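For reference, the structures are reproduced in the following blocks.
First chain A sits with chain B, and in the next complex the same chain sits with chain C.
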Partner chain A sequence: MKMTKAKRNRLIYNVVTFALVIIAFFVLQSMIDAKTITRSLKGQLVPICCWIVMAVSLNLVVGISGELSLGHAGFMSVGAYTGAVVSGLLLNVYQIEDASARLAIAIVAGGLMAGIVGALIGIPVLRLRGDYLAIVTLAFGEIIRNLVNVLYIGTGDGRLYMSFLTKKLPEGVVMLVDGAKGAVKIKPISTFIAGFILVLITLAVVLNLINSRAGRAIKACRDNRIAAESMGVNVTKYKMTAFVTAAVLAGMAGALYGLKSSTIVPTQFTFNQSINVLVFVVLGGLGNVLGSVISATFLTILPETLRAFADYRMLVYAVVLILVMIFTNNPTIRSFVNRLIAPFKKKESTPGGDAQ
Partner chain B sequence: MTAFLRFLINGVSLGSVYAIIALGYTMVYGIAKMLNFAHGDVIMVGAYISYCGMQYWGVPPVASILTAMVVCTVLGITIEGLAYRPLRQAASLAVLITAIGMSYLLQNVALMIWGANPKTFPQTFINGASLNVGDMSISSATIITILANVLIMVALTLFTAKTKMGKAMRCVSEDRGAAELMGINVNRTISVTFAIGSALAAIAGVLLCSSYPILQPTTGSMPGIKAFTAAVFGGIGSIPGAMLGGVLLGVIEIFGKAYISTELGDAIVFAVLIVVLLVKPSGLLGKPMREKV
Partner chain C sequence: MSQQKTKHRSDTKMVPVPSQSIVPERDINDIPVLETRHLGIEFGGLKAVDDFNLTIGKTEIAGLIGPNGAGKTTVFNLITKVYEPTSGAALINGRDLHGLSITQASKLGIARTFQNIRLFDKMTVEENVRIGLHNRIKYDMFSGILRLPRYWIQENKQHEKALELLHIFDMEKLADEEAGSLPYGAQRRLEIVRALATDPKLLLLDEPAAGMNPRETEELMENIAKIRDQFQIAILLIEHDMNLVMGVCEGICVLNFGRVIAKGTASEIQANPVVIEAYLGKKKEG
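This part shows the complex of A and B:
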């Protein structure tokens, strides 16, 4: 059977994406083994993996499904808190000492919890359109942050205690989540290998989804909702698929992120963090998975390496966001750029037929 | 009972600030069909300019508020011309991301100019003597805020109903293409809308900081988001809707904080937004939008 050109291009794209990630992993791992890696970069490895997963999953919502979600950090925070509680529970109550087993269970639990929250949010939200959806996801992100601010969870006597609004836990309980202080006394168990595996899983899930029947339906809803609906595509179902998948992945990234340090505070997962991830996605290219991976990696390393840049980071991000949007969406500028690069491009379309 | 009345009046006062901000959102949304995310940060700029006027330049309060209005008007027109006009034909996602970028730009420029330390907004004529009714005292800031809101609302309603520019605005919001064919300068109309919205934002900034005198680069973002919620609540595109939505939201927020939980005040406001959007997506006074293929 002959492969179509589009199919071949897609295969090449996927192979290149996976190959780059795997090569990067082995290079970094060998650097760790040879102890030639700088300390700051070593500390950045797990966060980089988390942000890659966040960016790729947000790209699924914004780039592929075409809905602007401004509450992605909310799912990350759900995952982080769940991960911290589950890991604490496994250690304190079930006495599971094996760190990698705890990490794996915590990540899965974080993903599940974020997926449930994502589904609960998605059912009402995905009926809305455009700007409304963006503002409601923002609202949900803020609600989640508000709720974890008054959440108290602890373990003691072999069971889990939980209270809401006020701290009503019995004496002698080991606090896991302490209201505005966040999740406390976490045993850091995240590893670079776990992060790498999570990135691979994310890429496999997202790339498979994009190239599947469901993915084509999601893109059809993005390009023209009414046309897709009249072709019999169940718009809500496919938008939901993309949204919940992204939520699960963000929750897993959150669990990994939460378990890398000893505390997490609610202010780590604000609206700013959602915008941060959005910048990764927009800079990498909406709908371009490899682009998200690359931009998430570099924009996480850059502020650490360039101290001077860290001060102006948000300023530069803001300008970049505006410029990228204007340059890619203004018809005049676009046709100008196209004319500039036209002589260097291979002629693909037949004269007279401008296929769109 | 006194406590209840006090919360109610505080709620109406806070809601009046939201309503003035919401006007900017609702007018821009109605006419340019875009969510101007940077509107909340124009409030912050307005507050900083009037702060500087009173604190550093030694200008009387009224003059510094007027300066802030002029600066914000120019800022609004500039933002629209530089960032939003090139995207007039683009998808709404692109415009929204640009607006978010603009919001961040304003916040970070303010951070560079004025620093991250919160500034205390000076007491002005707005914080004058308080009015005593029975055993309850109402601060003058509260009264001035509510009065300003009513005044602005009446003026804007008259403006859109009677003047030529107001009619042009209504035309553009109804059907931009047809308005253009009728010889209305759409770009100029949108610029004027941004100018009015931004001037109102400056007033809102001063009123907000008179009641809650802490000023920092992020001061505008939360009231901005809540005001947008208010605009959606009242029905986006409708001027009386913005007023109603703003006042109701302010009352809900203060009551929520007083009677349910202080920490969950914001969550309650946003929960209201979600419920409204689910039950009546066009808002309280909005017209339902029909989708054409």
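This part shows the complex of A and C:
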């Protein structure tokens, strides 16, 4: 089959995305090996991977499927708590000592659980037209946070104990989730390599999905719902596909995130976090997967780097955000930048905007 | 594009069928592709379409005309299930459309274009056609994500079929262009190709010649006839360009204020005083 221009652009885009992530991984890994990496950056590596996965998966909903979701951190928290419980269960009850096996199972379980929750939310909401998803996901994020506040899970005598609203667990139970204290006594088992693999899986799933029959159907529903329906595309089904896939990926990121430190507190996954992820997506460009990866990386590092400014940190962060948005969206500045880089570009335009 | 003068269709022999309609004689033994019986819809007491009866033969090119606001597009929306009729029924190949969704109606073999073009603007021309192929050349989502052999086979098939369909309007070269960036006439043609990709039995064209220049319209007429001959499907079109309607349509139905005021061949319609009155108003007496 002859390679068309669109296909070639798409291939270049995908190769660049993967290459960038892989190169970044090897550079950072060798820095870790050579012990030249700063302490703060090293601590940021796993979170960066998590936020990349979060941003890319939210981009699938907001950019590709065109639905606004304001509760992505809610799915992350579902994944985080599930991951913590599963990991604790495997260690305390099934005595699985192998950390990477526990991590892998916990991540898969976190993804599954978030996917189920995503499906439960999506089935009623995505049948409707309009901005209902934004409203419902916004509420969902808050509901999850409050539910976890009164959830008690523990292990003891080789089994799992669970109670809701009040702490009614027998004596001697090892608490895994302790109400308002969140998930406690987690053995941190997340590794940078696991994060890197999760990012690769996410990129492969999202990019392959976009460039397939299902992905085109999702984009068609976004561009023109009535036309898509008239062509025989089941709009609800494909909106669900995008939403649930994103939920699964967010759940996996959540499990990885939760298992990086010894506690998870409910206040970690607030509405603000959902908005933060949305900022990554919008800044990176709606539908632009590579953009999400880059913006998630920089906007995770930036607040830490600005720690020196202490009180003015969020102020500088906001100013940087505004400047970047102006620079990437102002037509005058864009055409100026394009003129600057024009001599370096032969004739082909780079694939931007949409990850085709 | 052949230079030969478009063959006028108004000389097709039309025969009456029981439902107060006419169909081409060649289709008389087939189940009509579309049959509507007393179809109607009310919007808050206003009868936008009322007692609409129309039968279209298996390979007929039919026209639906009428002054602005007569309810022509509403008829299309009823047939394609954008609206659920408040009275009467519509049958596609003898199957009742009652209670079906737009998607299900499409799967029964109805495809349409839109008066205000509804392309997937940010997708390429080829991708637009591939959406039309959505239910014809399939593979599941997991073959797509895991890039199983089935993905490559079906993607290739989709690609070839899409180019083959684009060839109808000589649009293969535009395959990689963004649909939203095409000139107006090309967008209209792409909509027709996309509709054809769904393998319809009945193709509904809503003002296909709107915004086209006379030369483009002439080409479109040839193409409409060519599409019918090649795919052996029925076409129902709404159009204000009377040259096109009279030149290509075999049976014509005239709508005014939501009601059918006349049915017949082009020459019958042109001579019908009721139609002339609807378009031009009543002649002053004395």
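Simple rule for what comes next: the second predicted complex is superposed on the first by the 306 of 356 C-alpha atoms of A that agree within 3 Å, B and C clash if a C-alpha of one lies under 4 Å from a C-alpha of the other, contacts with A are read in each partner's own complex, and residues count from 1 in each chain.
In this text, contacts are C-beta pairs under 8 Å (C-beta built on N, C-alpha and C of every residue); 3 or more make two chains touch, one makes a residue touch a chain.
Here the structure is a predicted model, which is why all the values come from computation and not from measurement.
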| item | value |
| --- | --- |
| Which of chain B and chain C A:Ile226 touches, first, second, both or neither | both |
| Partner chain in contact with A:Ile201 - chain B first, chain C second, else both or neither | neither |
| Greater residue coverage of chain A in the superposed arrangement, chain B or chain C | B |
| Which of chain B and chain C A:Arg213 touches, first, second, both or neither | second |
| Contacts of A:Lys5 with chain B and chain C, given as first, second, both or neither | second |
| Partner chain(s) touched by A:Ile37 [first = chain B, second = chain C, both, neither] | neither |
| Where chain A meets both chain C and chain B, residue numbers | 226 |
| Residues of chain A defined as touching chain B within the complex | 62, 66, 68, 70, 124-125, 127-128, 130-132, 134-136, 138-140, 142-143, 146-147, 149-150, 165, 226, 271, 275, 278, 282, 312, 314-315, 317-322, 325-326, 328-333 |
| Footprint of chain A on chain C - complex, ascending | 80, 82, 101-103, 106-107, 111-112, 114, 118-124, 126-127, 130-132, 134-135, 138-139, 141, 143-147, 151, 154-156, 158-159, 175-176, 194-195, 197-198 |
| Parts of chain A lying in touch with chain C, wherever the complex brings them together | 1, 4-6, 204-205, 208-209, 211-217, 219-220, 223-224, 226-235, 241, 353-354, 356 |
| Parts of chain B lying in touch with chain A, wherever the complex brings them together | 29, 34-35, 83, 86-87, 89-98, 100-105, 107-109, 112, 221, 225, 228-229, 232, 261, 263-264, 266-267, 270-271, 273-274, 277-278, 281, 291, 293 |
